[in-house]
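Each in structure tokens, the structures are laid out below.
In what comes next, chain A is part of two complexes: it sits with chain B in the first one and with chain C in the second one.
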Partner chain A sequence: MTEVIATNQTILVVGGGISGMTAALEAAECGKNVVLVEKNSALGGRVSQLYRYFPKLCHPICGLEINQRRLKQNPRIRVLTMAEVTAIAGGEGDYTATVKLAPRFVNENCTACGECSKAVDSEVPDAFNYNLGKVKAAYLPNKMAYPQRYVIDPSIVGTPEGEKAKAACKYGAVDLDMQEETVQLKAGAVIWATGWKPYDAAKIQPYGYDRFSNVITSVEFERLADIHGPTKGKILRPSDGKEAKNIAFIQCAGSRDENHLRHCSRICCMASLKQTNYVREAYGDEGKSTIYYIDIRAIDRFEDFYAKVWNDPNVTFIKSKVAKAVQDEKTGDVVLHGVNTEGYHRYATPHDLVVLAVGMEPSVKGADLPAQIVSDSSGFIEADPANHAFFGAGCASSPLDVNRAVQSATASALRAIQVVNRVARVED
Partner chain B sequence: MSENYRNNFLREVEEKVEEGHWVKMCMQCGVCAGSCPFGPHWAHPPQEIFMMIRAGKREEVLSSDSMWMCTSCYQCIVRCPRKLPITHIMHGLANYAYRLGLSPKKQPTQQFASMFWNNLAQAGRVNELKLSLGMYFKDGFAQGIKNAMAMQSVGLGMVKAKRLNPMELFAPHGVKDKSGFHAMLKKAREIEDRRKNLA
Partner chain C sequence: MADMKVAAYICQGCGLGDRLDTKALAGVAKKEGKAAIVKEHEFLCNADGVKMIRDDIANEGVTHVMVGACSRRAKTEAFGFTDVCVSRANLREGVIWSQPETDEAQETTQEMAEDYIRMGCAEVKKMTLPAGDPAAVTERTLLVVGGGVSGMTAALEASRAGYQVVLVEKSGALGGWAAKLHKRTPGKSPYADPQETPVAAMVAAIEGDANIKVYLNAVTSKISGAPGRFEAEISTESGATTTEKAGGIVQATGFNLYDANNLPELGYGKSANVVDQAGLEALAKAAGGGAIKRPSDGGEVKRVVFVQCAGQRDDSGKHLPYCSGSCCLTSVKQAMYFKDANPDIDTVVIYQDLRMPGQGEDFYRSGQTKGVTFTKGKVSGVEAAGNQCKVSFQDLILNDQAQIDDADLVVLATGQVPVSGVDIDSKLKAEIAAAAGDNSLMEAYNASQQEGAVKPVSILNLTYRQGPDMPQLKYGFTDSHFICFPYETRRTGIYAAGPVRRPMDMAQAVEDATGATMKAIQAIENAGIGRAAHPRSGDLSYPIFRKEGCTQCKRCTVECPFGAIDEDEQRFPQFNQARCRRCGTCMGACPVRVISFENYSVETVGSQLKAVDVPDEFSEKPRILVLACENDAYPALDMAAMNRNVYSAFVRVIPVRCLGSVNTIWINDALSNGYDGVMMMGCKHGDDYQCHFVKGSELANIRMSKIGDTLKNMSLEEERVSTFEVAITDIERVPQLINDYAALIQKIGMSPMKGF
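Up next, the complex of A and B:
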């Protein structure tokens, strides 16, 4: 049985992405005890899947490393990975959370040597790379994974493949008898930082994401540009592996649309502006980007970044929401159809690759939360007194970029600290 | 406050055109224009019409043939990210322009629409024979004969299949209470005029 010590002075942080990590660290560094629960096998969330941040174009690995180091040094944080909160009962200062722990089949003896991975042959879809490639069924979630521990996919447990992995491990770290567990945790306050998921692009029927191989999403494009991605950092299109030098970005793919997501996802404009830099970085002046937009929402200091991209002769801006995409079966090119609002001209423009700047959806929507929580019409958690000591942080509370998600996480940590301080005063 | 920023024509459309109050909600994304299967064939796509209304171009909008080109396929309504009832607005604008006598006189859809209405309003039933003959002869007698000859086999086939009764030309059928029907139409017109200040 997994031992976790938690009292009603503990802060429970749900979600181990950039927001959850930040909230947990801020609270723990203020002397509070924190349990950090993450559904995946490693912390870092969507930020770890990004190639670069905007506007500074630095690598997320850097910021994550700092946070991982803070985590390692702090004895007040207990991290539970492959753990999901299924229910939360009670109220402010006295919550009880039910947490389901999925078996990893690898214990803490793991040194991440990788012998188990070499021993097995079967492969599973690579979730870290948005299933664009495959990984061995014994795998390290990603290069920067925290905890730095392998995972055995449940599909090979109980098969000769699983036994091969077990036999290859010199440290006795592979434990194929691990079972799913359910534990109950006490907490004085809950910080809900389950983040976001990309909107299901297949639902935007005219763009043909489900039909055309050369129509991909912005999150997949991040993985194409990343050296640890499925193409080793080369921007190649999926249909034929050709270098994609003429790339279209379609903004508001799902966002600001009453038929899909009614909110503006806020980050997609900047994400596409940033991604035009990847094209330039890969192909120099041969790399052409075209941004199809309704209006560019580069807020406050991002305006400078926008102006810079606007002045880049390799980037074309077309004020139009694309009406339809059609892939040419012979060439693999995707032709975009629509009407340009500036002059009302019709266009039918071919591109090597089309990137849909998909909107942000909360990972866990209001009604699916394990407690009665006030959320807005898109399912983001509201800062409402009726939510008592259940605080949304980061993209669970609003579509935010990394910078603002971290600010939101710090704010939620402050709120949670006040709650457990009140609890402590009553108890002392 | 925001009322001050609306020009007279936008206000006129909001008050008098069916679903006209939606026009201000358009965010000019262009999906309606790009999705319209008839798109390349009309002067101004819906997106442009909405912008022209907001720019106060009254004459250009109301005398345009664009609204009359709509085939009511509803693709624009389905795709509009702001759920504007674009098809209905187009019909509303067409109807309003017609009532003011500003719509283009020779536009075939408009000619057919008014012919259809007059035909229906007489007896409460559509007289298909008169309607199609009316269409054949709308561009003069010689052209009418040519049209009729071209469609001869279709017409005879329909007569044989009892889908077309030649006697309808002399003794058209209609609703039982014709005067009641006319009174109803008159009342409906009064209500509409009152609502739209068209009297």
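Up next, the complex of A and C:
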């Protein structure tokens, strides 16, 4: 049975991406006790699946390393992975959260030696790489995974494969009898930092994400460029593994569209501008990028980055909402059709690969939140007195870039601290 | 230390027992490492193994523990003993996972492991358990400089968390920019209409808050001290000066609008009917909800043109190169002032890219619904024509010159210029630009130094050796350089908030000020227990300075990236622990080695590299020292090992806090001890630097460029000391760099310094 000590002076942080980790760390480094609940098997969230950041082009896992080190040495944070909050009852200063813990089938004895993985043959889709590749059914979530502990996929539990994994572990870490658990936690305040998910690109029918293998999403493109990704950092297109040198980026894929997402997702322009650098990094002058856009939203000093990309002769900007995409079955190329609104020229342009700059939607939306929470028309949590001590943070509260998400998370930590300090004053 | 008792524990798990002769390793720990207790364990990180160590600490008086197992990044919970000094010999990732599992490799693999045991024992013996700064104090008061929405937010949020606040505002009233507004852009659903500003409510809340003391018409004329013990002199216009104590500071000094007088081509100053966004707010306020009149003659306004990016996103070098991020929202709001009063008034927003992210899209949609016209274009000129204006622009959709002849009012969206005080790095930046062949900054700097030149006025007036204000990142904004860490500050305990940090709208400023207040409060709490802030959060060590021996060379005071070190009258360094971030740059800079940390010192690293067994010249086994940044290069090596990317068995890796902490004595010692080469792996430097201690890797590079003479004196080739920029993702490149370097050493041959 998982034991967690929590009181109504504890801050419950839901979501272990960069926002949740930040909120937990900032509060804990201020002397508060925190329980950090993450649905996946490792912390890091969507940011850990990015290859580089805009505009510095530095690597997100560098900051993740620092945050993990802060976490490892801080006894005030209790981390629960593979855990989901299913209900929150009570009110400010006195919440009770119900947390469902999925079985990992690997206990704390795991040394991450990898013998279980060697022993099994079955493979499962690699969620860390957006299922673009496969991993063994006994796997480490990723190379930076914290906790650094393997996971046995439930599909092999109760099969000879599961037994093989168990037999391979000399340390008694594989526990195939592990069961789902439900625990109840007290908390004085709740920080909800469940982040975002990419908009379901298949819903944008004219772009054919569900029909054309060479139409991918921007988050998948990140994995192609990353050395830890399915192609080990090579930009190869899915249909035939050919080097994708002529790449189209379609902006506002789902965003700014009342049929899909009402809001502007803020990050996608910068993300595509950044990704043109991946093309350049991989192929030099042979790499060509075309950005189809409505407005380029490169706010504040990001303008510099935009100007640099704008002046790159290998990048073309076309002000147009693409009408449709068609993949040529023989060549594998994807032809984009539409009208360039600057001058009203029709185009039908082939590309090796099409990247949809998919919008952000909140991972957990209004009605799915485990408490009565005020959210906006897109499902982002609003700052509202009616939410009492339940605070949205990061992309659960608004479509934000990493920098602003961390700001928001830091602010949420203070709001939670205000509550637990009030509780402490009453109790002392 | 009389009471020191060293114990070494060697793990046999994860294949260590199969690949290595752990008995021999134990022998090394006993004989050479001089460990009093040496134990092997088949599974050291499990409950039983950890209990064994715990028992020895409790019952045997062990004070120093050397764990020979996996990387220091792994199993931190199991081996995180906080009551003893701990070193880790990285036998798993550092040896068996990065070496081939072949018979031929067996000998060098074992040698590598034995060296890491020697190093781990040597290091731990030189460590002292940090006891924390006995002088640590803290004042649970927040000083807020600037009384606009950002500053008022900081004050109120800090008070709500139970802290005292001193709020200093330059003008005679709170409210700042927001007080000048007729209405604000909406900050929450439904994002459809302009809203009342929060100023009146915030001012009332502050006036009714006993925790908040407000100084109006006042500036911070002097701030000294450090987090936990700042002392601020607050001077009021009347000439009175009061001293207030504070533990942390939020600087929320806001922005000025870019001066539209610089835009005569857009008609400003030539026609009363051309105003900036502040001018329009003033007109709207004066109208008090009634019709806004034409300034020139009080005539009826029938057509209003909003010129976006006026003097912004400018590539000519004359105006602001950046986008202010908030002006599109503001123009839509201002267009609504007209549309809401009279839908027949024509409002045209001429823009290049309409930038209203997030739910700003709903506000944009609301503007469209209300009949605001949006035209993608670039305005080239505004001319007065009687009581109207002629606006000429390039229509970017039709790709044609176009004109609006009868604008009654033209509003220029001119953008935000931060109020950030003195650019303390202006001379340095000018020097760097001049070195790159651009003299413009140096000319500007020299002009600013002339007698009679208007000198920038400091805001904080810090008594810090490195200058009176916060370092600026770009375009005068005092922002963090780090994407993951927007509140990283180079002046610990002082946080910028709101538009002084980066251009932003009110909703963002409120969020930002709350975050900055969080960090300032954390700095206050950290100061009380002498604990480091991010990125070495929780570190209780601090620089210990031995005054005798110091030559007053000032390198430490100059190079500290955080301005932590001042100088006394005799020019000895004065360390301010609470400002320090424990990077060790001062330690690396010190030519006489009088600066150290209890858990990290010239000795902890020096003793490790000296502990390595260096085979003789004829062994064909060179030794290469790798000093690796613990944040990026070291994890990259770990992850390379997880992928079983093999590298040369001749390297011995020592993680360092930052390359900035590398003292050249380590290089000298390595070379004179017969190492054949030294590789330094740090983070990228330059404009987009990735060093988390700002300048560490760059400083190391500069220091090492000067090591040539040393090498010459020793008759050694230059290549024997090399620095590399490494990223955490370089899991294939780092092993390659090592292998290439090992091959290069092979080529130049073994060092002649062995055996001396």
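Keep in mind that, in the parts below, the second predicted complex is superposed on the first by the 428 of 428 C-alpha atoms of A that agree within 3 Å, B and C clash if a C-alpha of one lies under 4 Å from a C-alpha of the other, contacts with A are read in each partner's own complex, and residues count from 1 in each chain.
By our rule, contacts are C-beta pairs under 8 Å (C-beta built on N, C-alpha and C of every residue); 3 or more make two chains touch, one makes a residue touch a chain.
Everything numeric in this text was worked out from a predicted model, so none of it was measured.
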| item | value |
| --- | --- |
| First (chain B), second (chain C), both or neither touched by A:Lys234 | neither |
| Contacts of A:Lys242 with chain B and chain C, given as first, second, both or neither | neither |
| Partner chain(s) touched by A:Ile417 [first = chain B, second = chain C, both, neither] | second |
| Which superposed partner A:Thr341 touches (first chain B, second chain C, both, neither) | both |
| First, second, both or neither for A:Asn259, with chain B first and chain C second | first |
| A:Ala323 touches, of chain B and chain C: first, second, both or neither? | first |
| Which of chain B and chain C A:Gln73 touches, first, second, both or neither | second |
| First, second, both or neither for A:Lys134, with chain B first and chain C second | neither |
| Which partner reaches more residues of chain A (counting touched residues only), chain B or chain C | C |
| Which superposed partner A:Ala383 touches (first chain B, second chain C, both, neither) | second |
| Shared contact residues on chain A - chain B and chain C | 256, 319, 341 |
| Chain A-touching residues of chain C, taken from the complex the two chains share | 13-15, 43, 45-46, 70, 73-77, 80, 157, 160-162, 188-191, 313, 315, 321-325, 353-362, 365, 376, 396-397, 399, 474-475, 477, 481-487, 502-504, 508, 511-512, 514-515, 517-519, 521-522, 525-526, 533-535, 537-538, 631-632, 635, 639, 642-643, 683-684, 688, 690, 692, 727-729, 731-732 |
| In the complex with chain B, residue positions of chain A that touch it | 206, 252, 256-260, 294, 319-324, 337-341, 344, 346 |
| Residue ranges of chain B touching chain A (in the complex, touch as defined) | 27-31, 33-35, 39-40, 44-45, 47-48, 78-83 |
| Parts of chain A lying in touch with chain C, wherever the complex brings them together | 18, 25-26, 29-31, 47, 51, 53, 56-67, 69-70, 72-74, 109, 111-113, 143-144, 148, 170-171, 226-228, 255-256, 262-266, 295-304, 307, 319, 341-343, 376-378, 380, 382-384, 398-400, 402-404, 406-411, 413-415, 417-418, 421-422, 425 |
